[in-house]
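Each structure below is given as structure tokens.
Two complexes, one shared chain (chain A), two partners (chain B, chain C).
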Partner chain A sequence: MSAVITSIVSIGHQDSFGKENIWETLQPLGTQSEVVAPDYKTYISPASLRRFSPVLRMALTAAQVCQNETVLPFDAISVGTSLGCLKDTERFLQTFITATGDTLSPTAFIQSTHNTIAGAISMALGNHSYNMTHTQNSLSFETALIDGLLCIQEGKKSVLVGAADEAIEFLELLKPQVIQSAFPFTSGATFLSLQPEGNGTKKAVMDCSVHFNNTNTEEAIATFLKNNQVDSDTIELVLFAGEIPRTIGAKQVNYEQYTGLYYSSAAFACHLATDYALSKEKYILIVNHQVNGKLGLTLIR
Partner chain B sequence: MEIFVTGIGAISCIGNNVQEHFDTLIAERSGIKKGSHPHSERFLVGEVPLTNEELIDRFQLKINGSRTGLLGCVAAKEAFSGHLLREDIRTGVISGTSVGGMDVSEIQYRSYMNNGTHDISKYKEHSSGNSSEEIALELGIDGFVNTISTACSSAANAIMMGARMIRSGALDRVIVGGTDALSEFTISGFRSLMIFDEEWCRPFDESRKGLNLGEGAGFIVIESAASIEKSGSTSLARLKGWSNASDAYHQTASSPDGYGATLSISEAMKVANLKPEDIDYINAHGTATPNNDLSESKAIMQVFGEQIPPFSSTKAFTGHTLAAAGGLEAVFSVLAIQHGYLFANLNHRNAIEETKLVPVTRTTKVETIRNVLSNSFGFGGNNSTIILGEL
Partner chain C sequence: MSELKENLKAQIIEQLSLEDLTPADIKDDAPLFGDEGLGLDSIDALEFIVLLESNYGIKIADPSKGREIFHSVNSLAAFIESNQ
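And then the complex of A and B:
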């Protein structure tokens, strides 16, 4: 299962949108950072823009730019989101909890479902193809990516894979009891175009795998590399989140210092990998261990 | 590659297991009645008449999570009963849900809004992904876990994802389906859309006004032939076709011509390599909203032309169980094939004038049902079709 990345777009707390190489503007985040938003008006109609929450704006714009940069219309769309459209979810909770009359405004409810993101993309692009939404906590991007790779394996020619999540203030209340992380909650969307091998000018996703009861990261990585016939000495860069063995890869970079905390940020690591100046015959490994026991591995060539 | 169904499990307002569902479908007895909770008592709904504690107790669940997780565990456990975990059979869980643990979060959030206090630890049940991880934990499965959340087509898409994972060789056996508990969030949401019928829902009837909501879970176990050789499981049916297509028309409404539905039905038949005359029964999505039933009817007419197979919606039995619907209806489809029954479309009097289509109004025994086509359509224009067939 492999595919080339022909286009990749990120919007989040880094100044990454429209950049040739996102490493050049990369800054570790402070505690009070905000989304660096592009001019959404260029990509989203004024009527939609008024209704759309941040996660929809980010995702739709990133997806739209991916389609603009991809000659073929997408014949599959696969989106991962860990917590979905949180802002509208909270807004609708507030709507019905405080409601007094018999009528409720439906807008927040309509936009609260997880697949509002992928659905809005299909409508904006006039796209009638396969349209999927995966949600698997910290492995939401990886499960969407696995679906995208599966689509390519099945013969699809142009697949949009993306991940999007948004922060709301309420989330910080969950620390440290429910969520343990040193990073502040943030928002981010990364979308990429996948095509079959042979079309690429950028990089290729070689494989992606998820592990739900991981007790030995080192062993899981060794098996993953072996399955892909990749020698561990050829891993030039490891992009990681959470605790990982320090022995793997020539260089290790913690991507959460750049993304902040959202549970589909491995997609941004994928963008970092795509823009990285990699030596010949070398590989990048993304190790997502944001949550203990859950492990996502993505191999980039 | 052929994919076989080797287990089925169901819980909804018409039964706590598959047998009870079958008996109730034969008896033509709806499970929809006046709700029993403060947020549901104003409506006709299909509630599972067991509290969370009763579910845990009766089905001896190890998990104590959201109601969505518990219902999922009950149905998945039934589907997987008799199956053994083995190192050499790579087993996964792929489940659909629309709101996951919202039934837990909304209680805490209301308390937080009203008096500033809430039990923070309860929010760990919130995420949709948790319900599937709980099912995997309940069954002792530590392989691939995946949650699909595409509103009312979630379970059908989970079944499709499972089939594709098996066909690609990534998994040998998958428990697939969906689960959703009734929550105040969902009831308020559909109320805000004004698509409830205050009476019993009437799918495909000219007088239909809207849907009744329900809750429940439906799961099937699917396996490759190579997996069955090792597991020795008995096949009940085959999963032959699947498809998902996007209507790309409106966030909540279906296109008037049923374009996305037409695409998903015809593509699923292509995957199954079947012609229209090979389909002996359609278990329709048939939510009884004016919009869905007309749009779905038009899609069926476009694909099947003059020769429309017997069709019915079982939503008047169970209510619309949202993300679980495609799972429950996959179970009903397997039952239809196993026992040769077309299930009743309850409460039907007059055909929709524009289409003149008349569904199966009584549960009917027939000689044989070779293939059943089951539709599930969700918000966001998400249209899915699966096809189950005889062995």
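And then the complex of A and C:
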């Protein structure tokens, strides 16, 4: 189960959009960092743009650029989002609470669902193929990626996989009750095009696995590598979130220092892996242990 | 009537998130829907219904009249005046 990444686009707190290699401009986040947004008007029609919240703007623009670079229409769209369109959800709920018997504004309601992102991409691209949204907490991106890999395995020629999440102030208030993290809540979207293997020297996703009741990270990593017939000595780079994987001696980079905290930030790690100057016959392992008990493993060649 | 129209224009801009427009950009008699005017769509029509209810306490009893009522700022203002 593998596929080549032919295009990858990220919008978030790094100056990553439109960059050939995002490692060149990478900076650890400050405490007050903001999304580095492109000019959305270039990619989204004014009529749609005025309604779209930041997460929709980020996701649609990244997806649109992926489509432009891929040329071949997508046979499937698979999106991961943990918390969905939070700004519109908050807006709708506030109206819901404060409006006493009046008709409620439809826009925030329509756009408050998790599958608004994948649906809006489908409409923007005029794409009526398979369209799926995965909402699996911190493993939302990985489950969307597995879906994309399965689509390629089924014979689809071009699949759009992505992830997007956005921060609202209320999340910081909730933080002590939901997650232990040194990083502030942030926003980000990463979308990538998958195609079948055999497409030149581009990076490939070899495999991805998710563990929803993880109790032994080292054992899960060992089994994952063994299943893919990869020796841990051939791992050149480990991109991780959460606890540091102890048993692998490769260079280790905590990708959350660049993304901040959002539950689908493993997608940005995938972008980091794609742009990394990897030696021949070596691999990159993404270890997403952002939330205790939940483990996502992605192997890049 | 002119004050009502100016208020309506400001409310339309806010309710429909028409961030790039000012009230002066909306002509009284210009069509609000379709390519000739502001280019509003069916979701905006729903927002108009909310705007009329929440700001003026007016409900549209006959939905088939919507196209006529929402044609322009002039027609909206006339409908509000005749129903308040």
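Assume the second predicted complex is superposed on the first by the 296 of 301 C-alpha atoms of A that agree within 3 Å, B and C clash if a C-alpha of one lies under 4 Å from a C-alpha of the other, contacts with A are read in each partner's own complex, and residues count from 1 in each chain.
In this section, a contact is a pair of C-beta atoms (placed from the backbone, for glycine too) under 8 Å apart; a residue touches a chain by one contact, two chains touch by 3 or more.
Just so it is clear, the structure is predicted and the values come from calculations on it, not from any experiment.
Judged by the touch definition given at the top, the superposed model places A:I110 against both chain B and chain C.
The wider contact with chain A, measured as residues touched, comes from B rather than the other of chain B and chain C.
By the touch criterion stated above, A:G126 is placed in contact with chain B alone, chain C being left untouched. Once the two complexes are laid over each other on the shared chain, residue contacts for A:S82 go to chain B alone; chain C is not touched.
Look at A:W23: by the touch rule set out above, it reaches neither chain B nor chain C.
In the superposition on chain A, A:P46 makes contact with chain C only, not with chain B. According to the touch criterion, the shared surface of chain A, contacted by chain B in one complex and chain C in the other, consists of residues 99, 103-106, 110.
Across the complex, chain A meets chain C through its residues 46-47, 50-51, 99, 102-107, 110. On the chain C side of its complex with chain A, the touching residues are 15-20, 39, 41, 43, 46-47, 49-50, 53-54.
Chain B meets chain A in the complex at residues 98, 100, 105-106, 109-110, 113-114, 120-121, 123-124, 126-130, 132-133, 136, 142-151, 157, 161, 164-165, 168, 170, 184-185, 188-189, 191-194, 244-252, 259-260, 263, 378-382. Across the complex, chain B is touched by residues 1, 77, 82-84, 90, 92-99, 103-106, 109-116, 118-120, 122-123, 125-137, 139-140, 143, 146-147, 150, 153-154, 173-174, 177-178, 210, 212-213 of chain A.
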